[in-house]
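Sharing a structure below in structure tokens format, with a few things to ask.
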Amino acid sequence: MNKIRWLNFGFQIGAVILALLFTTVVLLMAGAPPLQAYLYIIKGALSSITNISNVLSAWAPLLLTTSGVLITFAAGLWNIGIEGQIMVGAIFTTGALRLLQNSTVPSGWILLIGFLAGMAGGALWAALAGVLKTFGGVNEIFGGLGLNFVATAFALYLIIGPWKRPGIASTSGTLMFPDKLWLPTLPKVQFSVWALGLGILVVILVYFLLRGTHFGLRLKAIGKNSKAALLMGVPTWQYVMFAFLLCGVFAGLAGAIQVTSVYHRLTPAISSGYGFLGLMVAMLINYQAIWAAPVALFFAALNIGGIQLPIVLKLDSSLSGVLQGILVLFVLLVEGARQRLFRKR
Amino acid sequence: MNVELKDIQKTFGMVHANGGISLKIPAGTIQGILGENGAGKSTLMKILSGFIRPDQGEILLDGHTVSIHSPADAIRLGVGMLHQDPLDFPPLRVIENFILGSAGGLLPDQGAVLRDFKKLAGQFGFSLDPEAYVDSLTVGERQQLEILRLIWLGASVMIFDEPTTGISTAQKMKLFAALCLLAEQGKTVLFVSHKLDDVEGLCSRVAVLRQGYLVGEAKQPYSTKKLVEMMFGKTISVGGRKPCRADKVTVNLSKLRVEDYRLKVRDVNLDVHCGEVIGLAGMEGSGQGLFLRAVGGMTHTVGGKILIDGRDLTGRSYQTFKKHGVAFLPAARLEEGLVPGLTLTEHFILAEEAKGFFINWDKGRLLAQERIKEFDVRGIPANTVESLSGGNQQRALLALLRDSLNLLLLEHPTRGLDIESVIYIWNKLKERCQKGTAILFVSSDLEEILQYSDQVLVFFSGKVTPPLDASTLTTEKLGELIGGKGWPESTDEGKLA
Amino acid sequence: MNSSSVLLGLAGVLYGAAPIMFAVIGETITERAGIINLSMNGTILLSAMGGFAVAVGTGSIVMGFLAGALIGALVALVVAFSSITLKQSQVAVGFVLALLCRDLSYFLGHAYISKAGPRLITIPLPALSGIPILGTLFFKQDVMTYLSFVIIFLVWFWIFRTRPGLMLRGIGERPAAAFVRGANVNRLRYLYTIIGGAVAGLAGPTFSLSVKAGWAGPLSGLDGYGWIALSITIFGGWNPFRAALGVYLFSFLQWLGLVLQPFLPSIPTQVLQVAPFPLMILTLLLVNISDAEWVTRMLAAMPERPRRWMMKLLRTLRASPPASLGVPFESE
């Protein structure tokens, strides 16, 4: 038993090495010095308090989206619509803040209301995908993709139209909120303990939900065989909807955090791709919630570490995405190879 | 073509599917291959037809050793197999199915193929519309299409795997005539079946398989008793009929109507009493499956009423039916009944009423252990269900049922199981009847229907007989009804039931 | 707007639809064989960048298109290998590739941003282009647009009229039955996945060397077309003609958005550009809804005549996928 575990571990290390090799080849193709590039990524993530705090700021929403898709994955759903769910969450939060920023309501309360609105927005957008799936027979992948585009267009419309900055209408974003509506951060850095605390809390919650509750077991049953689950008495469509809603709530929270603690306004790219990245993290950890936190941290570090590449090496910052994608791809491929090898024996 | 099998061996995991089988079959004969489910007949035939490769052994055709690595090799050598569930393409047309897989140029010569098709069909007296879609054909017609196709491809050894399952008596007669014609033409016909009557009536020689071994051969005339002994190794006694029907009516159907895109089942009236077993007979797709699912709330009725325990549940969902003590066991165990990837313990927890938010794993494991013991499932609580054998999966499904049920609906409860499991499962079901549960079951096994039912409903293309007393029914009578004979003439569909 | 500008606009609709046509037809071929290649969005971007880079590097526009097809084939090969040989989830691998290839195109294409490159020229067909209306619509286009017309008929003919095409339908519907009829199912699936990928790989260069000539990284505006192509494949019911209808409908709606822009000044262009998406969702809803539980329930409650009528309508709209789409095949 122990030997098999070591062997599996070896396979996983092998996947990581292969991924690094392949990325190195890609770097060479782009005419970039590989070692330096890796070094700059590490530096960009860890070399200063600001960098580290940026990584932690990216970690929080990624934790939320990863937790969300772990729930939909458990129910056998590919919630690709999560990007749109973050977006609508951010829109709702922004809307709530805009509505209340000039009122006499204490700013703490405004923030709370903003978060609740974000959760509602994410849940609403997820519910749409869920309804399309359960009542319309539209595969959640395609329904979700369409809704993502719609959400982005809606944000653009608001940014250029009704919520445009006084004088100029620019797609770069709405007017920044006053400091009092920023999520409180630690002194001198741009990182909110509140946001991170929320992310970690949700990961723990999801871990226990999937592992030790009737709800989690039923979701898993639906994910693995929904016909049998139905015959065993699990109300399947209700649970599917619930999985969507819960994921939407977490995605909406991520959107609220992006607005209140990272950008302090609404931008068309406010999701920062954390929805898709959450899907990647979930795949990489083979849908095991226990690994969600460390791997999400690693991905967040890659994201932040890559930001400086254009300045220091004249490389595109998408290198982080390349590295992440190659890593997930090779882990999937090596897992397939491992299973094939064991089957043959 | 003379066929010779030498020491064919094949193991699947721990199971000897074929443990060294040698058999000679001369050209121009109809060779019966007899044995119960799981005796290794299908494996042997799949090896001969290239679908599976043997671990060891030789195949000789007309005295020459041949190596058959794929079905394509087999057909090139003249060996064709007709699978129990015809391996064709339901969404394609008959003629497209006929052409698919034949050799030739880029563009098939439709005209020439059509002429060949019609000529062959005429030879065997089959009437198939070449432009019809295969999913509109009956199983019997799909078999006919496959037979024509194999002959057209030049098969001189033809294997028929359980061909009489799911076809009407008339179609069976047609099939047998075709098989005799094939033998007359000098082709070698292998007829695989577990049905004594069919084998005795058709085959000039028979080989009997049991648990992967060839246990004996016989020639006409046969001694039925001897064949049975060879098949089962002993004469088995199945428990006698023990009706435990009570007076109380637990299910009442009035003027029930169900339909799907091909079939209409009209105006069924039925009272089901506590403890009663009702068998639903008919060839596959005659409406019995649809009816069964409608009574469980899984298919929507288009008319009539369903009363369970006095409550009108018409149009309600399966969840509601389940709450009122209705349970359904599907035929496809791993596809619809169990959740592959989950353990037995997890199944028992799922099936129980959820108490509280968190799972009590210790209690779950205990429950699983208890039930596993009670139902003699060979496995441990931590086993995933797909690692169990078919018989054990069926036992697990029974073990998952809640204790008090008003009505139990079963789809082919013993299909594909060994005889020991069959008897065990029916004993367990009968125990439930004694506690007052009524059973409705669909089966294509006539003996099973007659053996275990109190009443029988026969379905024929959506028409339904009134409940027939099983003790007065014979296999012949039942077979005729299933095949569409002996139904009252000129009756409207509505007046039948 | 006068009639001649409408005509030119419609010709532009056909021209602008060409890249999506390659993607949709390529995916249709792949899915007919039972494999889903979800990487389409990445395939288009990477082949657009690669095709452009090669065309700039070699100075040959033909090499650019060949490079695009090659990239599409390679990405498809990864999908085929991981799903057929390694039995991994096609959706998972395809999704990762969709993101990975997008980032790869941005990363590797960094040096080519805003470089001047070649562009396909319009070649009016002699005689044919002189036909009133039709000539302007169909015969004053560039080579790839002509190819996008031809490929619809070609692929339809292959799937529905030829012997190998029959087998292609067979392996997507019921691989076990195709296997007993002599097909090497997995080899054919490899083949068609790669061919489908190569055809889809033409989509990229058709953008970067023609329809949206040039490369501008994330600002090229190509992100998203792959996902649209996947939706249109479903709408197309795995039939090239119906798929082509979907592609042209989409392209037409995008054009309509631009035309209507001056009349709706308060709505930004980017918003009108997404108008096809809600419509796409709606059409997917229409082709799939007959499978939904509540629909059958509702139908069951309807009186006889309207029920027949409704069922007929839903069945016409319905698009049923190849029965073994996404299901791996093992011969033993």
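We just call them A, B and C in the order they show up, numbering each chain from 1.
Simple rule for what comes next: a residue touches a chain if its C-beta (ideal position, glycine included) is under 8 Å from a C-beta of that chain, and two chains touch if they have at least 3 such contacts.
Keep in mind the model is a prediction, meaning the values are calculated, not measured.
With centres computed from Cα atoms alone, the innermost chain of the structure is C. Across the assembly, the mean Cα position most removed from that of subunit C is the one of B. Which two chains touch most often is answered by the contact tally, and the pair is A-C. The mean-CA centres of subunit A and subunit C are about 28 angstrom from one another, to the nearest whole unit. Averaging C-alpha coordinates per chain places the centre of subunit A 49 Å away from that of subunit B.
One finds 42 Å separating the Cα centroids of subunit B and subunit C. Not a single residue position of subunit A touches two or more of the other chains.
Contact with two or more other chains is made by no residue of subunit B.
Within the complex formed with subunit A, the residues of subunit C that make contact are 38, 78, 81-82, 85-89, 91-93, 95-97, 99-104, 106-111, 217, 224, 227, 230-231, 234, 266-268, 270-271, 273-274, 277-278, 280-281, 284-285, 288-294. Residues 318-319, 322, 328, 330, 335-342, 346-347, 349-351, 354, 356-359, 361, 400 of subunit B are the ones touching subunit A in the complex. Of all the residues in subunit C, the ones that touch subunit B in their complex are 161-164, 166-167, 169-170, 173-174, 176-183, 296-297, 300-301, 307, 311, 315, 320, 323, 331-332. The touching residues of subunit A, when paired with subunit B in their complex, are 212-215, 217-218, 220-221, 224-225, 227-235. The touching residues of subunit B, counted against subunit C in their complex, run 49, 51-53, 70-72, 75, 81, 83, 87-92, 96, 99-102, 104-108, 261, 300-302, 315.
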